[in-house]
Every structure is written in C-alpha cells, then in structure tokens.
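Should a chain be cited, it is by its letter among A, B, C and D, assigned in written order, with residues numbered from 1 in that chain.
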C-alpha cells in the first residue's frame, strides 16, 4: 500500500530484462549506441514527427531545466503555474540552467487559466530592457494536482503563447498518464497544438531513471547537446538509458503501465468518495487528493498505508480533517487498492 | 578487442545482480534508501574516514563539477593539468557549476610538477581583487596519460596546496586502478596526504553509471546537496545508484576489476614493447599509449581491434608512425589481449 | 514641469563643484582614493555604525544585485514585493548576480504585509533540498508607490525575518526621502530594526550616478569586493564616485534635497486633491500617484508637463480616467509646481 | 611624476566642461538622451561604419565582458594572450558574463603569434561536445606590454579567425594610442581587417569613466542591450556618459590626448635608453617597460616618481635590477618627463 509517490516504485521487469539484454560487450558511448537509434525512431513514430530531435537524460529535473534553458534567454521569464514542479521542486534548476531567467507564476491553481496567462504575459510589456522579457510558457501535463488538461484547454493556452510568439514547453513527467486519459495521440496533445518541446517522462512510469526531451523543430534544439554535456547529463554508458526507453516504447509498455496506474487511482477515488471523503481534485490520472478525518488517517497509516497527510483548508472541522495525496504507480496491483479500501470502509463504519 | 575506452564496456554481472535484487517493492527516494546507508558505511570504512560526507551521482563530470563548485568561489581559479578531464572533456562544466571560476593550467604534461604548480599559484598574487583568486588544486589520479602519481609525488603537490591554504580535489575517475597500482590504502592516497574531496569513480570500472563524491570534512560539504539537486543530479530512484555502488564495494569487487584491468594493460604494454612499439607513457594503470607504424595499425584495425589512432610527434618517420591509446576495462579477458598481441606479432614479422 | 522620473534630473551644483575640486592631479584608483576615506567615515557616522563596510557603485541595480548576491545562495529565494524594483525593473539582474536565486513575490501591494510575508516564508518549508531555500527579505523604502513604511511597519517585517533567521536587505534608492519623512535617524530605520545591508541611493537625489552599499556587519561583506570587481562595477577613477558621495553627505545636502523633493510632492498632492483628483497612494515621499480625467491630462501634457499617464482601474468612468505618476526630484522648484497646479485649476474649472 | 597608471589621472578640462554644459534641466534617461545621438553619429563617422551599433558603459571590464558575452556561448572558449586584461585583471568577469565560457591562453607573450593562435584553435577540434567549443578571438591593442600590432600583424590574426569562422573582439582600452601610433584610420585597424566588435576605451585617455562598445554588424549586437541592463551597466543619467564621450570625439580630443601621451612615453624611453636602462618592450604607445638598478629606483622614488618596480629576469646581476612600468597619461606634461629624466641622469652619473 505504497501511495507516497510514483518515483519510489520498482523498475518494470521488461525494463530490467532489456538492461540485461543490453549488457553484452562494448557499445559506443555518449548516445552513439544502436539502441538510441531505435529510441529515436520509436519516439519520432509515436509523435508522428519524423524530424524531431530526441535526447535522453536521467532525471525529470534535467529534462525540464535543459529544455527550458534551450528555449529561453537569461533575461526572459518563463510563464508557469505556481505549483509547477519547475517552480516548487527543482531547487532553482531552471534558473541555474538558463543562466538566471525568472519564473512568472500565473495566478490560479494547478491548471493555468487562459485569461490569467494572457494577463501575466501582457503585464510584461512596455518596459523596454528594464523588465524581464517574455519567454516560454511551460505547461505541466498531468498537473501537480493529478488533473489533466483536455485538448481544448491546452489549445487555449498554446494559442495565447502563439499570439505573443512565445515557445511552449510541456513538462510531461506523467505524460503517459495524460495521453491515455485523453485517449488521443501524442501528436494531438503536443505539436499539433503548438507545443515546441516536451519532457517525456519515464521514471515515474516503470523506468529506473530516464526521460526523453523532444524538440519538434530540430533547428531549435541545436544548443541542447552542449547544454546537456556541460550540465554533466551526457552518459558515457548511454546504452543503458537507451535500453530502458526502448523497452518502454516497445509493445506499448508505457501505455499499459499508465492505463493500469490510472485505473487504480480511479478505483481509489471512487472508494474514497463512497466512504465520504472529500475529493479535492478531479482524479484524472494516477493521483488522488482527498480529505479524511484524522482518525481514519491514523487507521490507514497504522495498517501500513504509506502517503503524506497534510493540513489544509477542508470541509468539516478544521482540526479533524487532513489531506492525503495518494499516488498509484504502475506496480500497485488490485490487491493493494482493495486492501486500502477495506481498511477505509471498516474505519468509517466504526 | 575493444580498447577504445573504459567507458564503453558492459556492467559487471554482480552489479546487474544487485540491481535485480534491489528491484522489489518501493524504496524511499532521493538518497534515503537503505542501500545508501550501506554505501556510506562501506566508503567510510574503506577510506578510514568515519565522518566523511558521501554522495552519489551518475556521471564523472557531475562528480568533478559539483565537488569543485563546492570547494571554489566563482572568482577563484582551479589549478590543474592542461590535459585534465575537467579542462579538456567536460565542455566547461566546472565553469558552469562554479558560476564562472577559471581553470589555471599548470604547464607540463599529464602529471603536475610541484615546482610548476608552485609557480602557477605564486603567479596569482599581489593582484588584489583584480586577478582571479587562488582556488582548489585538482589532481587527476590515474592521470589522463595512464600514469599514477606515487605517494611522494602526491605529497609534494598537496604540501604546496597546504602552504597556500588551498583545498585539494582528486579526480578519481580511475582511482581504483591507481590505488591497486600503488598497493596502498585509499586513506593513504587521499586524506592522509591532505586531499579534501574525492571523485570516486565506478563507471569506468564495471558500474552502469555511478560515482561517489566524498568530503572528508563534512562541514565543507554542506552546499553539495543543494548544488546536486539544482544541478538535476539527485535521483528519485536513488536505490539503483546505491545498489550499484554497494555491489562494487562488497567483496572488494572494485579492487578485483581494477587489478584485472591493470594486469591486462601491463601485458599489452609488454607485448607492444617487445614488438618494437614506442611506449609513450609509463603504463601504470589500465591504459597504454604507444606509437606504431601506420601499416601495423591497419592490420590491427582490420582485424577488429577498436581504438583511436592519432598523429603526433613520435620517433621514426613522421608520416609512418601513429599513436594508439589502448584502454583495458575490467571486462577484457586474456584472450582479447592474446589475440591482439598475436596480430601485432604477425604484422611486425611480415 | 518634468515629473516623469527622478532619474532624469540634473546633478546638484555642489556635487558638480566637488567633481571639479577632485579633478586635480592623480589619485589612487579602485577605491583607495582619500575621498573614499571621507565617504566611509561620513556614512559610518550617519548610520552610527563605526564598523560598517561601505562600498560605492554607480547604479541602483548594481547596488541591489550585488548586495543581494552577497547575502544569498543561488538555491535560495529572496522575499520581496511584487512591484519591487528588483523584480520589475532590473531585467533579472538579481538572478544573474546571485547565480540563479529566485524571487518570491509576497502577495499584496507596494508594501509587504507582515502576515503575507510570514505565509510566503512558511510556504517554503518541509521541502528538503527540493524547494528553493529561504533567503533574504528585501524591503523597498520608499516603496515603488511612493509610500513610506513607518518604523513599526518595518519592525513587523524585520522581526519575521529574524524569526526565520533570514537576513534583511533594504533597497534605499530613495532612502533619503524616507528618512526625512519619518524624521528618524538612519540607524533607527535600518540596523536598529535588524536590517543587515542597505542600498543607499544618491542618483535619484542629486548625484550623477552613485549609490553606496552598506553592510553593518563587515564580516558578512567579505565577498562583496570580489563580486563588485567581477561584475565590472569597480571604477578605476573611483575618486569621482567618492567626490559625489562626499559632497552629498557634507552639510546634509542629501537631507536638504530630499526635504525639498518631498515638500514639492506634498504640495502637488494637495493641489491635485483640491482639484478633485483621486490620490491613489499616500504621497509620503517625492512621488504622487493620481487619477485624472483624460481631458485634463491632455491639457497638462499640451502645456508641457512631462509624465507617463496609464490606464487602470480608477473611480469614475473607465474610459475617461487615466493615472499619472508624478515624481519630484530635488531640482524642481516652487514655480514648476505652481505652474502645474495653475494649469490643473484652469482645466478643472473650464 | 605619476607613472603608475593611466587610470589614475584627472579628467580633461574639456570633458569637465562638457559635463557642466550637459547639466541643465531634465534629459531622457537610459541612453535616449540627445547627446547619445551625437556620440553614435560621431563614432559611426570615425569608424566609417554607418550601421554600427554603439553603446556606452562606464568601465573597461564592462565593455570587454559584455562584448565577449554577446559574441560567445557559455560552452565556448575565447582565445587570447596569457597577459590579456580579460585573463589577468578582471576577476573572472568574462567567465561571469558569458555564463561560464573558458579562456584559452595562446602561448607566447603580449602579442599573439599567428601560428600559436592557429595551433590553439586547432587543438580544440575533434572533441565533439566534450571539449570547449571554439569561440571568439580577443586581441588587445595596445597590448599589456605597451606594444602595438601593426596592420599586417593584426591581419595575420584576423585571417586565422576567419578561416575558422570565429568572431574577433578588440580590447581597445588604449585604442587611441594604437591608432595614432599606426597613423591609420580606425576602420583600417578594425572592421576592414575583420574585427567584429571593439571596446573603445576613453577612461585611460582623459575621461572620467566611459567606454564605447561598437558592433559593426548591428544584427550581432541584439543581445547586448539586455546583457547591459541585467549586468546593471545601463545608466539612468546616461547623458553624463554621453557628454564625456561626445567631448572626447569633438575636435579630435581623443587623438590629441593620445598623441601627447605617446610622445611623452617615447621621450621617456629615449631618456631611459640613453641612461643605460634595458628597454623591455618596444615603447609603441604610452607605456615604457624598463629595467634599472635598484639604486636608481630608490633615487627616483625618493624624488617623488610614482610607479611599481617589480622583480624579474633582467640583464645584469639578478639582485640589483628591478623592472619599472612607466605609464604616461594625457595629463603629464613635458616638465614631468624632464624632471624624471634629470633625476635619472643625475643618479646614473653619481
């Protein structure tokens, strides 16, 4: 019953098998391995983007920070949600990699609202060289609250970016969970809407530690390779990154893992709702945010459920309710979910 | 017959096994995994440094750049060899991570000469705030030419650093090969001589991609964790770094791999010398630099030997001789070496 | 009738005279000039801070960015108002100089509210190395809206900073206007409340281009000199900075200029109010923010008044009202004010 | 008898007068002042470059660091002399402003030798993303040793840069002294040879603190304005920079000052040579490097001459000879030189 994060689960057996298979003899280092050719081709096919530039790095923060730095000048500002990972959880990596760009937090919640984005962009006008200059818009899909922008919502944001001629980055640490939720293609969710670069996450969905960065216009990716190298994110034994990502892309493993994680989260949310919990965000993907009485938290945690409760502003008596973020990774199975819901039911009816 | 680099070989089976073993259930992310406790303890024991701060990163460049940035102010200069990896092969990563520090190249070859180091340090005096300020001395052990500083040579350098109160960093991408060559302890080769921080490489000696950074005085390591995170080098699924390093440290695997690689290189050097090649640097560790006639290179490469010949200033007719850097990683076996030497012998006697 | 800014006015004749006087023979460069000794002593006396470290730079942005970079680590965040000069008007200079620190905008208006500051600081907790770390609090006195924090308001902010052990910076580009308004000492308004470093502006109050940076604890200023030099802000012919600041400090010239500017602004505000204008911010110092009908703006501008009208959300019909920021520098005289108010009166009564 | 530096002299009376003249009423800030239009036009005329982008900053280090940062990527290296100001005297400002670029020191003395430059550039090849990438060539004219490259020597360097498609920067802190020495036009010494950007110094030749940065292709200057602003080098009261530079350019004041300084240095060198001193570098411009017996130094310094003697490797008994760098700025007059030479003569004949 580990719901604390999807970054703490095991590696999918097929990925481990691929690592083994890759482990024979010598291979060209630094991305010149043959498996990388496969990865590049599979991602181009998947995104229907035959010219896309494709790179691998080992952490989501590296993917985001390197992609943004490539899209951004140091005197610009990146527009993002106040709860974006790039703002809250990367210890200023975007500022570091970009050489001192700023992040402009678009007021609102997890999902940027188009009008708030437009206002934030407009606010940076008429200042000549004095203000920060407008830079990329970064959209997190799945958001940090577990919701998924639908295609119209995304389009509303990318159209504003285009109106101001700003590039668009998608932080897709959980992109697989989003695309299976929307039941659309990756192309529909990205470049067809005007997304310029994607952090295509794998680590949270069954890999050991690999994320792809994809630029749909390779001409805009030129600097990425230098940035990756001087950021110390170019692996000598690169084949082991490639092997993971190749296994992830073969036979739709990425999709299978995401579907399973989303289904488990949906079940969890239904059970929580039936048990009277307040569901705090629409559980579109693999995360459920719910408020429960303190008493019930105690039961769940005592029974071995793992997650982080937090205090907040919930319905019900302030000192009795605590929030829970429950994350399902690919490795949880139905038995985990059932067990959690059983304990919950019992606690409630006591 | 792959001699192109030790960064292109496979992962040791024991390390793969450890990755498998670690791959069950969930583990605390970001270095809070239990395997990291083992790693920390083993490295402290190995270095006889019970208080040392120990961190893992995935690339050698990350280890060097983060260690140096922690030891260095942006207005300082790092003293190193002109052929140091931090100078030649990291695409300005030290400058990036340090926020713009300089590298002062101590004239000479692969091994810094004490008097040249002293002169270089002295040259940065009496300039007040105008010149770069003196910063760390970085020593590469094994050097880029495959030679190993003996303890007296190291002491001569560290004493100069101490004389000017400068911290000392050791780039130990191949530290295992050095310490088995010297047949001393890691403590004798590092902190007992005044080394403050070590990049303890594993990737070139059987790991998939892990290097430890060790600060002997934990008070001087405080900033490292922030720097690692904002550099995007803190892994969520950190247990897979820990698992590799733990396996490497158990049962002296690191030593076994290094001994084998060194022995193979020594055999290679002997064979080359017997075949009349000019040995360009003392083959102390796992690398051999030799000059051979162009004709013989052709034979070797045609027969499947992999390495990079280069033009240079060798004994013999300038247009006939080419250099070879031949690197033995842990995975080469005696058969590889024998086959190479057989082809060599045959070529020579033709 | 130039009210566009206090950064566009002439240099005070006494300051010009001091530049002349300084212009004989050679003087030691880089801050070793004798006039700097006078400046240092005068500022220490004025601030009742005999040990303070005192430096001169030529621009307000340099003063702020260098001071903050000295007080801040790259992985920290600076707490400031959303309209602070460091956020809006320095083209990311604080991010650049600090090596990528972040700015956290404390919600609210020009003056930070203590509870909002506390919330913003508290929000950066429990994130370990992942979130930005808490850094300095930067207070702008006079604020960008022309208001002045009183001593109790300042204390409420500095106490919160101290509670979290965060250093406090004061952006005093218009500090003279603030201190004469409060009729207190500079010590009372700064270090006695817990302010650690001050940007002591002079450029907006009669100088050609000089600001002092003052650290009350010299031990915390050590890095400033290196940062200033590598930021290219150390002047060789430093005596000409010293001469300006010395003249500014002699005979309370700084105070005289600020008193005059404030008095003129007060008169302007009274006249505007009498003419029915909406006064948008308390005109504590040398700036008046008022809303006027479009028709009256036209008259004023046609008559030669210089300032920037802007659209906003004012009382009265939205398309008829425009805001005006009217800034009085030391050089405006009563005739300017009278003339402006005469035109205003006439326009209103038409 | 102040020969310590040309950065310590007074401001030329005509420049002071221009500052006075500029000091009436308000002027548009940040470079929109009318005097800047004059400066731009005069520099474009002087350089015969009607499209050139022209900017002013207050320090030579700012001019160099901002120009180089604009011409350079952070993963590149700048080729320069080991004694270049950007290497020795700017406390890592180029590394800071460029975001971590490296400086490659072309072996040799003050003047780069074409073959050494070519070798240094060639050495950075075949390293893919691993090595630093080739960046601008920076030429110092007048060199730090007081010598001046003639046009053929410059062409030999710029042709190599062009061969490798590298941009060329000229550090012209003393460019006036160089161009009057060569008796050529500024165009001949710069863009006609392939120089892309120039730091056109004024501070060492009679100004208070102003340097122009000139890009001959304005398209390559786009980033400069953002870099200047975020570097805190954009002055609000910019007219006082413009006024200095305008006065400097009117009536060939810059040329007059440089001619006088060079003539005085030449006289000094002749006198020194006649007195038996070893002249260490060709005294092409306004600096003389000479070695004298310790005894004579004592006499000169005791008599009030100001300069910095240094120990070095000179002809004559090692412990008896000391070097002297004697710099003539525009303000020294014949009487100073005569007095110095008289004392010298007397000392020698004693």
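Note that a contact is a pair of C-beta atoms (placed from the backbone, for glycine too) under 8 Å apart; a residue touches a chain by one contact, two chains touch by 3 or more.
The chain list, named the UniProt way, goes like this: A, B, C, D = L-threonine aldolase.
Quick caveat: nothing in here was measured; it's all calculated off a predicted structure.
The greater number of contacting C-beta pairs, out of the two interfaces A-D and A-B, is seen for A-B.
With respect to chain B, maximal separation of chain centres occurs for C (centres as means of Cα atoms).
Between chain A and chain D, the centres computed from C-alpha atoms are 52 Å apart. Per-chain CA centroids place chain B at a distance of 42 Å from chain D.
Between chain A and chain B, the centres computed from C-alpha atoms are 35 Å apart. In chain A, the residues touching two or more other chains are 74-75, 90-92, 96, 99-100, 129-130, 133, 226, 229-230, 234. On the chain C side of its complex with chain A, the touching residues are 74-77, 88-92, 95-96, 98-103, 105, 127, 129-133. Chain B makes touch with chain A in their complex at residues 2, 4-5, 7-11, 16, 19-20, 23-29, 57-62, 65-66, 90-93, 96-97, 203-204, 208-209, 226, 229-237, 240, 306, 331. The touching residues of chain B, when paired with chain C in their complex, are 30, 73-75, 99-100, 128-130, 133, 223, 225-230, 234.
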